[in-house]
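By letter and in written order, the chains are A, B, C, D, E, F, G and H; residue numbering begins at 1 in each of them.
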Amino acid sequence: MDTLQIKNILSEFQLGKLAMEEVIDKLRVLPYEDLVYAKIDHHRMMRQGFPEVVYCEGKTVQQVVGIMEHLTGLNRNILATRASCEMFEAVSKIIPDAHYHELPRLITVEREKRAVDEKRFILVLTAGTSDIPVAEEAAVTAEIMGNDVKRVFDVGVAGIHRLFAQHELLEQANVVIVAAGMEGALASVVGGLVAKPVIAIPTSVGYGANFGGLSALLSMLNSCAAGVAVVNIDNGFGAGRLASIINNMR
Amino acid sequence: MDTLQIKNILSEFQLGKLAMEEVIDKLRVLPYEDLVYAKIDHHRMMRQGFPEVVYCEGKTVQQVVGIMEHLTGLNRNILATRASCEMFEAVSKIIPDAHYHELPRLITVEREKRAVDEKRFILVLTAGTSDIPVAEEAAVTAEIMGNDVKRVFDVGVAGIHRLFAQHELLEQANVVIVAAGMEGALASVVGGLVAKPVIAIPTSVGYGANFGGLSALLSMLNSCAAGVAVVNIDNGFGAGRLASIINNMR
Amino acid sequence: MDTLQIKNILSEFQLGKLAMEEVIDKLRVLPYEDLVYAKIDHHRMMRQGFPEVVYCEGKTVQQVVGIMEHLTGLNRNILATRASCEMFEAVSKIIPDAHYHELPRLITVEREKRAVDEKRFILVLTAGTSDIPVAEEAAVTAEIMGNDVKRVFDVGVAGIHRLFAQHELLEQANVVIVAAGMEGALASVVGGLVAKPVIAIPTSVGYGANFGGLSALLSMLNSCAAGVAVVNIDNGFGAGRLASIINNMR
Amino acid sequence: MDTLQIKNILSEFQLGKLAMEEVIDKLRVLPYEDLVYAKIDHHRMMRQGFPEVVYCEGKTVQQVVGIMEHLTGLNRNILATRASCEMFEAVSKIIPDAHYHELPRLITVEREKRAVDEKRFILVLTAGTSDIPVAEEAAVTAEIMGNDVKRVFDVGVAGIHRLFAQHELLEQANVVIVAAGMEGALASVVGGLVAKPVIAIPTSVGYGANFGGLSALLSMLNSCAAGVAVVNIDNGFGAGRLASIINNMR
Amino acid sequence: MDTLQIKNILSEFQLGKLAMEEVIDKLRVLPYEDLVYAKIDHHRMMRQGFPEVVYCEGKTVQQVVGIMEHLTGLNRNILATRASCEMFEAVSKIIPDAHYHELPRLITVEREKRAVDEKRFILVLTAGTSDIPVAEEAAVTAEIMGNDVKRVFDVGVAGIHRLFAQHELLEQANVVIVAAGMEGALASVVGGLVAKPVIAIPTSVGYGANFGGLSALLSMLNSCAAGVAVVNIDNGFGAGRLASIINNMR
Amino acid sequence: MDTLQIKNILSEFQLGKLAMEEVIDKLRVLPYEDLVYAKIDHHRMMRQGFPEVVYCEGKTVQQVVGIMEHLTGLNRNILATRASCEMFEAVSKIIPDAHYHELPRLITVEREKRAVDEKRFILVLTAGTSDIPVAEEAAVTAEIMGNDVKRVFDVGVAGIHRLFAQHELLEQANVVIVAAGMEGALASVVGGLVAKPVIAIPTSVGYGANFGGLSALLSMLNSCAAGVAVVNIDNGFGAGRLASIINNMR
Amino acid sequence: MDTLQIKNILSEFQLGKLAMEEVIDKLRVLPYEDLVYAKIDHHRMMRQGFPEVVYCEGKTVQQVVGIMEHLTGLNRNILATRASCEMFEAVSKIIPDAHYHELPRLITVEREKRAVDEKRFILVLTAGTSDIPVAEEAAVTAEIMGNDVKRVFDVGVAGIHRLFAQHELLEQANVVIVAAGMEGALASVVGGLVAKPVIAIPTSVGYGANFGGLSALLSMLNSCAAGVAVVNIDNGFGAGRLASIINNMR
Amino acid sequence: MDTLQIKNILSEFQLGKLAMEEVIDKLRVLPYEDLVYAKIDHHRMMRQGFPEVVYCEGKTVQQVVGIMEHLTGLNRNILATRASCEMFEAVSKIIPDAHYHELPRLITVEREKRAVDEKRFILVLTAGTSDIPVAEEAAVTAEIMGNDVKRVFDVGVAGIHRLFAQHELLEQANVVIVAAGMEGALASVVGGLVAKPVIAIPTSVGYGANFGGLSALLSMLNSCAAGVAVVNIDNGFGAGRLASIINNMR
């Protein structure tokens, strides 16, 4: 609810079109839709430029379908993360143009292709092949939010020449996302090479003293390279969202 | 065993109705029922105003059925938590009026509707839709213990106007329960808005560095808002029980 | 800012006493005082019934003095926690009636003795002698907020008859606070005996696998007794504040 | 290999019955049987009074069968822990008198009933019903090693009178084993009541901030009652073994 | 308060020497002395055969002095642990025969030399020289409680022949205490050699991934040798106390 | 060493001005200065637009002075972090225009005031007063790298209206830095309000279950608001550096 | 890409066989093969003497097959770790001479038997039978890289004579690998006996406070025996690889 | 005690020069010197080629002096680690040729310069300047054990060209030691470049989520580069010792 809306409400009140109680009500209730089990934040589109994204884990299939249905009513493009195959099948019955990305487990509905500035692209790197699902979550997220994304997979530090061969892409990219598990060293090496925002995603790839991604997480937080920021373990969506915000700054 | 009971025993002893050995016995053995695998604490009804609640996890189906059977013999209302569907089916064969709450996995037997003071209600909030099962465990627990409960789901801080829209309920509530996973910030925000007891339940909703609910737990324990107390991760029952105790204080 | 205040503002606006811009301003800016390094939340007195409490750790002596000075200007009773001796000395120069509680490291200014209902008292228990500083933080907090407090120290479970000797106090108390370090078992035992709110404070008393209070914290969070809620390690203030809120409910 | 055996070897050497190389060999190779995947420590019977106990987890069915077969050849009584149902079935084909204890997942072969001193019994307590499988592992272990064992289940501190009702057993027992999950407070309470060895087994019963038994483990390690020692989480076998050693001291 | 005492009370009641209220009182109040900041458990001498031991950490000098003074009034032998030099000096002013053990930081008062059975001795081993202070806490504790103690220091597994040279002592000892830091392997090796109770004390000796004794603690809890029980990190007192209890069993 | 430099080297080689060995050498050795104890990365200015920043912790005073001396020789503006007072005094003897920022413990040398675009400012928020030193580290870092910075301190969620009063600044800022300790909830609330990059700095402000900043760190990593990235605990420098990179993107 | 290759490129450039752009390209792009989802590091054979090893966990069956197919095209011997049975079946369809090692879950292709120096063998020890799968991963890795390997299983410290019986093998071995779970004490004991490189592999064998191998890991890191180095929990491959490197040093 | 010694003993026995009891004694007691507080393992020189190294932390000054005195009696070269300045001063009074290395806190006595093969050198790398003390502990340890050591400091991945400039040293070295704090990425990068043993030392350099070296430790354990083994945090001695063992293999 922006200042303009407040002005309009007050004007109507001044003109007697609204009673005092109505004004109080309106000032209090910002726009969202209440499904009891979920309050869909339609205001988010205005506030943040993209509708609320549905985090599917822990929701029932019915809840996911219900939320998706209401979101599609008011928005052109929608994203749901961590969706099971079963959820997608139920959603696609009521939203036939929904699309399922199997590896990153995303559901997208894209009815309006956003214009993309190809000179400003986001580069998504992975250290290994096993990090691809998380990287794809980041890449698809950034794409549906209107960004050009380039992917380079499997350039971890055990064979560091594979990374250096990408130096042109590194130099041209506007924002870099690095997804790496195990010791997550790739983020520090990339952060030391470029002067751009580097968003590091620790992945849970690994075993033993990796403790579900903790090793890569701590590694990235302690990066000796400045300019590296970190999101949650396996949080491809968060990295893609932040990269998109930065990439669209002018 | 309260003072009155001790007086009675001593009187009977003084009158010669009880031998010394019998008195010693009675003073030692407070009332509980021994099923070998469980000692049902019938005294708890007297001591705490509600019969022993059955925690089903780790028990066999037969044990749950046995304990429920003995509890129903002496009590009007019973609660069993973390019950599987299979347990409920076995229980319902001998207690046909048992009811299963699927989301929070509770079994209730409610033969005596307790009088409820609707002016004193407990408000149960969740940050997201995925926190609802835990919140329901709290809500149903409080209801069967004789409280009016109002539920408001999905008002997490990512769209904080959804919370502020509930300000009237927040002002009217007697006790507030907040169930939140991920970073659990909702508890602090609510704690900063009201001057009532806020019982925070960290939930295990989330992934990665959430470490099974640890992030929300630490967050809530470190709340900068005074007046917030915390129960175990996903412990809806504990929160509901404590809220009921507080709500019934005069 | 409550509904009444909003009504007044809108009335003045309707009467032409306030311009639209002024109303917008007033609706947005709730009252606080800005010292640059701190924004004193004078609104808190209205919102929560007690002025903002000063957490001194990590603040400079000058900052503590400055905040205390501004708080005393508008409030009768003030509380500052985790204050060093040096801070107190600087404060007492400008607030001569400030009082220092050495063990719990509190500064209090109490100009208005709040009426206390002696029938509704808060009972503060400790497991050992070393837990007394934390318990005193809770007790003094509750006292300055207008509660009668009774203290019973050193009744840990290694000599459990010392606790049972207090059964009358336990039965009469309205709210119970339990401060315990090491294994923190006292909270569970008390929680199993009474049907009142039990607020458990894990203390950092102990060594080795106590890990700075972690053992007592986990112990209390996992209490098998329902009706127990937990605050942060050594957080006497939080427990005292919550106990006061509960104790003043009617 | 005790001093007597060394003397015999040296005597034979002196008498020319053994060559120097043979003596060196014998002094080096203590008796065990080599199955390649396992070296069965037949010497343990002599060294510790009970044959090697088979820890089945992580072994293949074939390995368990092979080890059991060789152990039965030389010993009267055998114990295997953490055995699956499938393992038992395979074992019982070659050792028909093997017995399976379903709850604690033990296989026993008991061909020689050891004499038991009933005046010196081991008391096994649990805090709850869900702790019974671990407690049974301790109890059966102690029984096959020649001890009288008494069991009292479900006497946790949430209803502490259930424990006090057992005071006679507590006074008569020679060694006490306490199995408790959640906050594990029972160990401290028992340790404070008696002056006997208390062996505490933290169990993984619980959820959330119980972290797989960590809460009970830390609780028991930090017990304010002296005379309590702790074994690994869910390690019923270790507790039973130690209790047996202590109980057989004269 | 044992059965005999209860019988006496009831007899006096029957004879009219005690009023009902007095009986109730006596049955409830077990004997302890209340110094407000401490409740001295004089009953412990009867219950556990040794008076309450004073844990000095976190207590003020005045509190330690006060408690020691009251304990000496009723007991012959006293022990205080984790006492600073300053505490000892204050104590020795009122208890001139108090003795300070500098390395283990113990204060002892020993007015009655307990008879010791030299055939039943406790063996205290350390892995290194740096573990000696903890080992001495255990040894002195066991000595004042009436045990013969033998010490063998610096026999860690990096030079395992130093341990094997002690095999006669190992065979003769009744109970073995092992204090070891770093990886704590000595406990497992000893536990594998003997069939006696082995009480393992993890010490905080070490650095880095030793995490304040955690490495030795986990190592000892996971010992592959049965018959090993563990006390808290650096808890020499607890180990000495338990060893004494076991050593005095008949 | 960019493509242009390689081209030049190869041209000189083709022209016979460089021998093959010289080319190999040049291609391998990128420019840095070797002080034995440090290799000053003069190339960083070219690669990342700001000279190497000196992390002083763990270095000797002599080492800091030596590195600073060499850096000033080739650069206009320099930054050293976590510098002690003693280090500054030694540095200022050879670099008289060095400046010490006491709260954030920074040394700056600023000989060339960079042009600043005031329409694109970085907003630095803190939850409390105790978070100011960390926030200042971020702010001064961003300033010396050529950014306009606005500071708003003490707007934590316990009095959330203090934050909402800043909504205009929030709307105008280009990048937002949030420094918060305890439960770190401010980052999520800000992240939910704006559609800009939010860089969250967990601080070690707090006690008990804050575990040196872990609670705020986990909280921020698990933020339910997208668009939030996290740096190391107390890492004001890293946040300031990243904010500067983002703020200077066009 | 070694110096020789650079010289050749530059010579060709000098001779006019290569254009400048081609040289720049060649200098930048070291040889690897790009399958999009994986960049096969064919250079590793030259750099490290063995082709890239395929870590199968987290890869799809198709990805594993694709990578194996490309690797076999250029190499004689190949190794894939943590391969499922299903992966092997798919691989064997296109590489019929692939071999599956079920226990350690390895796929090997061995077309060129490397010459082995039998005087220099690697000794692989396990503490128990359950550690064999990890030990086999190490052993097979070392074998395919051209080493003679001897295995001795189940010589843990609970029956330490089983280890001492192997003293000749210990004396003859060139490198020793120790795989042990639970408390991992075997590594320290072996490290104290020999003056050779001891590579310790903590395994996840155990339960409870073993925390997935953490106990053995910390134990081995804190070994009081010098000359012991540690790899990740269950990382047989890493240990085998390092042992092979050391064993092939001259 | 090697086979030769056993043969000699047995020969003397056969010849009647030794009685049976004497043989048994000799076979049991391997040579060490007993100072009560320490058992000096003189056998270690024979077993491992270097006398016992004195770990000073936790020892008293007197103990260190005593042990050093006895060691110098029988050995030419001695090493003591983690020695305080005060310890050195006391030692130098009785061993005037002792030398103190201030940064790594080592005391060395070197009376016999071991012959060094300069073609086989150990390369010690650090990521930063603050890692030098740990690196020096490794370097000096390797030197006194008879190795040529080369040092290259401050080549961390934030300026990776500084590392690549050392490629000749990397290629020539026989063994590489990498000391790195923060995220410890240098170990992985080096491990990916060379085919030699890489011994990684995580250092405690860093702050916040570095948790005393945990981040570097986990990072190095999870290295994606094979051939990397890890020692304890800050354990320069262990790394130097292992490098020396490997470097002296033929």
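Just so it is clear, a residue touches a chain if its C-beta (ideal position, glycine included) is under 8 Å from a C-beta of that chain, and two chains touch if they have at least 3 such contacts.
Predicted, not measured: the structure shown is a model, and the values here were computed from it.
The chains in contact with chain E and with chain G alike are D, H. The pair with more inter-chain C-beta contacts, choosing from B-E and A-G, is A-G. Superposing the C-alpha atoms of chain D onto those of chain G requires a rotation of 90 degrees, given to the nearest 5.
Distance between chain centres (mean CA atoms), chain A to chain B: 38 Å.
Remark: chain D and chain H have CA centroids separated by 40 Å (rounded to whole angstrom).
Inter-chain spacing, taken between the CA centroids of chain G and chain H, is 26 Å.
For chain B, residues that reach two or more other chains under the stated contact definition are 128, 158-159, 193, 208-211, 214, 217, 221-223, 226, 232-233. Pairwise, the chains that make contact are A-B, A-C, A-F, A-G, A-H, B-C, B-D, B-E, B-F, C-D, C-E, C-F, D-E, D-G, D-H, E-G, E-H, F-G, F-H, G-H. Residues of chain A that touch chain G in their complex: 128-132, 153-155, 158-159, 161-162, 164-165, 167, 205, 207-211.
Across the interface of their complex, chain B is touched by residues 127-128, 156-160, 182-185, 188-189, 191-193, 206, 208-211, 214-216, 218-226 of chain F.
Interface of chain H with chain D (complex): residues 3, 6-7, 10, 13-14, 20, 23-24, 27. Within the complex formed with chain E, the chain H residues making contact are 1, 28-30, 32, 36-39, 41, 43-44, 52, 55, 57-59, 63, 67, 82, 202, 204, 212-214, 217, 232-235.
Chain G makes touch with chain H in their complex at residues 47-49, 53, 174, 193-197, 199, 217, 221-223, 226-233, 237-239, 241-242, 245-246, 249-250.
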